[in-house]
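Each of the two complexes below includes subunit A, the first together with subunit B, the second together with subunit C.
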Partner chain A sequence: MDKSHEVIIAGFGGQGVLSMGQIIAYAAMIEGKEVSWMPSYGPEMRGGTANCIVIVSPGRISSPIISRFDSAITLNQPSLDKFEHAIKPGGFLLYEISTVITPPTRKDLDILAINAMDEALKLQKKQVANMILLGAFLERRPIIRPENVMSALKKVLPARHHHTLPLNEQALQIGRAFASQSEVAASFQP
Partner chain B sequence: MIEHDQGATLMKGNEALAEAAIRAGLQGYFGYPITPQSEILEYLTAQPKGRAGVVLQAESELAAINMVFGASGAGARVMTSSSSPGISLMQEGLSYMASAQLPCLVVNVNRGGPGLGTIQPSQGDYFQATKGGGHGDYRLIVLAPSSVQEMADFVFEAFRLAEEYRNPAMILADGALGQMMEKVILPREGSLPYPPKPWATTGKPASRERNIITSLFIQPEKMEQVNLELQEKYRRLQKEVRFEAFQVEDAEILLVAFGLAARIAQKALELAREQGIRAGLLRPITLYPFPTAAIANLVPNVESLLVVEMNAGQMVEDVRLAVNGQRPVSFKGRMGGMIPTPEEVLESIVQIAERTHTEQVERS
Partner chain C sequence: MALRLRTGNQMIAQGAIQAGCRFFAGYPITPATGIFKTMIDELPGEGGVALSAPDEISAVAYCIGASMRGVKAMTATSGPGWALMTESVQYAVMTETPLVIALVQRLGPSTGGATQGAQGDVLLAEFAVSGGYTLPILSPSTAQECFDLTILAFTWSELLRTPVVLLSDKEVGMTAERVDDDLLRNVTSQDRLQWRNRSGGLEFMKPKTYGTYSFDCVQEIPAFTPVGGEMKVTATGSAHNKQGKLQKNSPETLEVLKHLEEKIRWRENDLVKVDADIQNGAKILVMSYGITSRAAKDAVAESRKRGIRVSFLGIQSLFPVPSRTITESLQGVGRVVVAEENLPGLYRSVIERHCNGARVLGVNKIGSLITPNDILNAVQS
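And now, the complex of A and B:
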């Protein structure tokens, strides 16, 4: 990776949005890259869009707070509405579709929708929906190596939850498989 | 020089600062929770008993700073932390400590004000931090980190300076630096020696006169003498000035920004350079002492200056004093917990570049 990657991950509090960002940040750090993880912590957390901005870069990161992103991962409608238009042209939008009524409209983005909630419920653990999304994201935007994701997860996940590591790995694989089987939308014109 | 451990870890700014304080040999922490810095108290209280020294949640900020006052007088390496409204409550104690010439570390994770304000990041406490803050003629030593690494490193630097100069030192951060996670290489535990403190009130042996720690000098002749000593100390302190310069060598527009705003300004600088505008950046690391001479030295080489802050324009006054009317000084800021975007700063840079260019054409 010779270029920095800037991603925003947004959803409701409790959906694992901040953890997803931390996993990317840890894994990038393991790879010796520069990283910053900037969470929202203010009143917006009470209005439907808890989010974090993660920047992964081969060199020094200037501003950790930015308003234009290479990618966005959204887990609810307010986040999708808010961040669809903050993605740079040609960027990547991954969204969780189960609660979305109004889909995104931009034609200059690579857009992938996934029903991560349904897939997670098939695993009988709705908490791993975020890992399904993370798997799908990394398949399309391999900004960190897969083997480092699990090492990072061990850091982010409290030790009392370490028995769920295999389930999380399975969720990552489901996301990866979904993304690799999905074509880039024909309407996408970079 | 600060000695570091091997290997990086990923931490929040507040947590890295708290861990660094322990590694710097912290003997006492007294504080009261307030967003966005409560992780400092939380981190310290979660430690095994004794690792962080005495860690105490006081009944108020007023109580906390006076506990710091007492513990410092007894010679301990002590700190407190708070955010803007809480720091305001500590100003009386800080004035007393400055007068009594006691070292301590105060961390202000600045949030938006005035008043109870907002919990979002701000630099609105620059004046309060650098001009005294409480009553009387005194200064704090003020360090402004702009990364999680500096949140950790400056704890060592602040304790060292505070103890060397017997003066309270402040780390002026902001909510974003406190909450964000970055890679950090932690300073090595135990690598900050404890200097002798012969002035401390630790019990009077027969061999010396008693030590008195007070800020009450009722005779004006004596009070003036104390003030002269303080002013002499602040003059000596000037040699500790620190700053960082980026791409100033060929700069026509010089940006000046500290803390988080300096990183936003640096991003704007990169964007401006992509457009062929030669921007440079000077980042004050010590806000007191202020890098007045460093700015003054760059003035003849630049056409114009732009100060970027997360407030209504506070440091810009010190920059204008340094520039002394030789060049135009513009200001770009957001207030109340809002953060200027690199694109907004770029817009200001482009406007200044166009104005400068027009003036040059008119002159020629």
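And now, the complex of A and C:
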């Protein structure tokens, strides 16, 4: 990775949006990269909007404030509507499809939809939907090495939840497998 | 390299511990809670005391008590908590009690937007003291600066015997960045001058010469002795003489009131901390502070790429206003751009008079961060 990558991850509070960003940030830090993780969330309640901007860079990050992203991962319709148009042309949009009625329309993006909620329920743990999305994202945009994701997760996840690490790893693999089997849309012209 | 992912709030707590802060009392409030939590988690392990106070008024009062006993103390809050604290902050000014208050700004007025950033408390913090006494204010823009400036805040507060405000904001406080522990300066803060050290031991002192606030010239910082120690300390928030005794309008009392401001004013050229990147022949100077100064730095780099000669001045010591540094940065400058996350241009209104007639332009916004592009547009306009 010789240039910086800026990703926004957005959804409802409780979906693991901020954690996904933390995992990326930790993993990138393990690799010696500069990182910035900037959270933003709505009023003081569960179910409010939440997003975080993560910048991973080989060099110094002067400003964590940006308005155009290389990638976006969205976990609900409002986030998709809001951030689809904030992605740079040729960028990557990954979205969770079970919460979406109106799909994205841009033709100049690599767009991947995944039913992460369904896949997570198959594992009988809806909380790992974010890890499925993270797996899919990293398959398409390998900004950090997969082996560092699990080390990062150990840092982010409180010790009392460490028994779920194998399940999280499984979820990550499901996401990666899904993304590797999905074609980049034929209409996509970077 | 010892890398960690740390938020600005965590680095303020770490800086405080490194500075020798051994007392913390706070009341949780977004976006300052990270400081509260880190202090509660880590300070007891360092031999300090961290308390969850019943409210902000108690929190700052506990800190003043601890500091009067000789312990370096800090509290942390946001705008609504600061509003409650101001009475006691004035008491700390009046009683010359060292204290650091981390004020992590959020959107106001009132409870405003708990999870929205802003830079709207700049003047509310500075002008919180009746009579217009200077509260030194330091404003960090990165996690690393949170650490460095916290230590500096303790040094200033100890040496000046006055409360110092560490003015952060939601984005600086809650954004996590890579911090290399090996690069953190292994310094601690300086300590207040103790009365007993002044002439080599208390036993040689004549008690009659000691007053809680004794000074010979008005700029001098009185030597400290703790409440409950060997010397009698008299502290009051009311106008008092050098002994700390309540007095009305006596020449000595008025001298004490003048001293409270003069001890800071006289040293204002030593109380300067800026991030200056001056370019020869620049016609434009971009000034900012806190999180917005990072966008400003980006905008300056981009302007230079486009062939515009432009200087940058990130101001970390907001008050006392580094007027001499500002004036020096203005050589040949015809236009000044001041970017800050509030609508009226609060800090701009303060520094405008130091800008020697240069045209001063504000970049102001609330509700979302000022981007490098917003500032670039002002530079190019």
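One rule holds in what follows: the second predicted complex is superposed on the first by the 182 of 190 C-alpha atoms of A that agree within 3 Å, B and C clash if a C-alpha of one lies under 4 Å from a C-alpha of the other, contacts with A are read in each partner's own complex, and residues count from 1 in each chain.
Simple rule for what comes next: contacts are C-beta pairs under 8 Å (C-beta built on N, C-alpha and C of every residue); 3 or more make two chains touch, one makes a residue touch a chain.
Worth saying up front: this structure is predicted, and the values here are computed from it rather than measured.
Asks: Here subunit A is shared; do subunit B and subunit C fit on it together or clash?
Replies: clash
Asks: Using the touch definition from the top, say if A:I65 reaches subunit B (first), subunit C (second), both or neither.
Replies: So A:I65 meets both subunit B and subunit C here.
Asks: Touching A:Y26 in the superposition: subunit B (first), subunit C (second), both, neither?
Replies: both
Asks: Once the shared chain is lined up, is A:S36 touching subunit B (first), subunit C (second), both, or neither of them?
Replies: Both subunit B and subunit C are touched by A:S36.
Asks: Name the contact category of A:F83: first (subunit B only), second (subunit C only), both, or neither.
Replies: neither
Asks: Identify the residues of subunit A that lie in both the subunit B contact region and the subunit C contact region.
Replies: In the superposed arrangement, which is not itself an observed complex, subunit A uses residues 22, 25-26, 29, 34-39, 41-43, 61-67, 155 for both subunit B and subunit C.
Asks: So in the complex, which bits of subunit B are touching subunit A?
Replies: Spelled out, the residues of subunit B in touch with subunit A are 8-10, 35-36, 118-120, 175-176, 179-183, 260, 263-264, 266-267, 269-270, 337, 339, 341-343.
Asks: If we count contacts the way the header does, which residues on subunit C are in touch with subunit A in the complex?
Replies: 1, 3-5, 30, 113-115, 171, 174-178, 291, 294-295, 297-298, 301, 369-373
Asks: In the complex of these two chains, what residues of subunit A are touching subunit B?
Replies: Touching subunit B from subunit A are residues 22, 25-26, 29, 34-39, 41-43, 61-68, 155.
Asks: Spell out the residues on subunit A that touch subunit C in their complex, using ranges where they run on.
Replies: By the definition above, subunit A touches subunit C via 22, 25-26, 29-30, 32-44, 61-67, 155.
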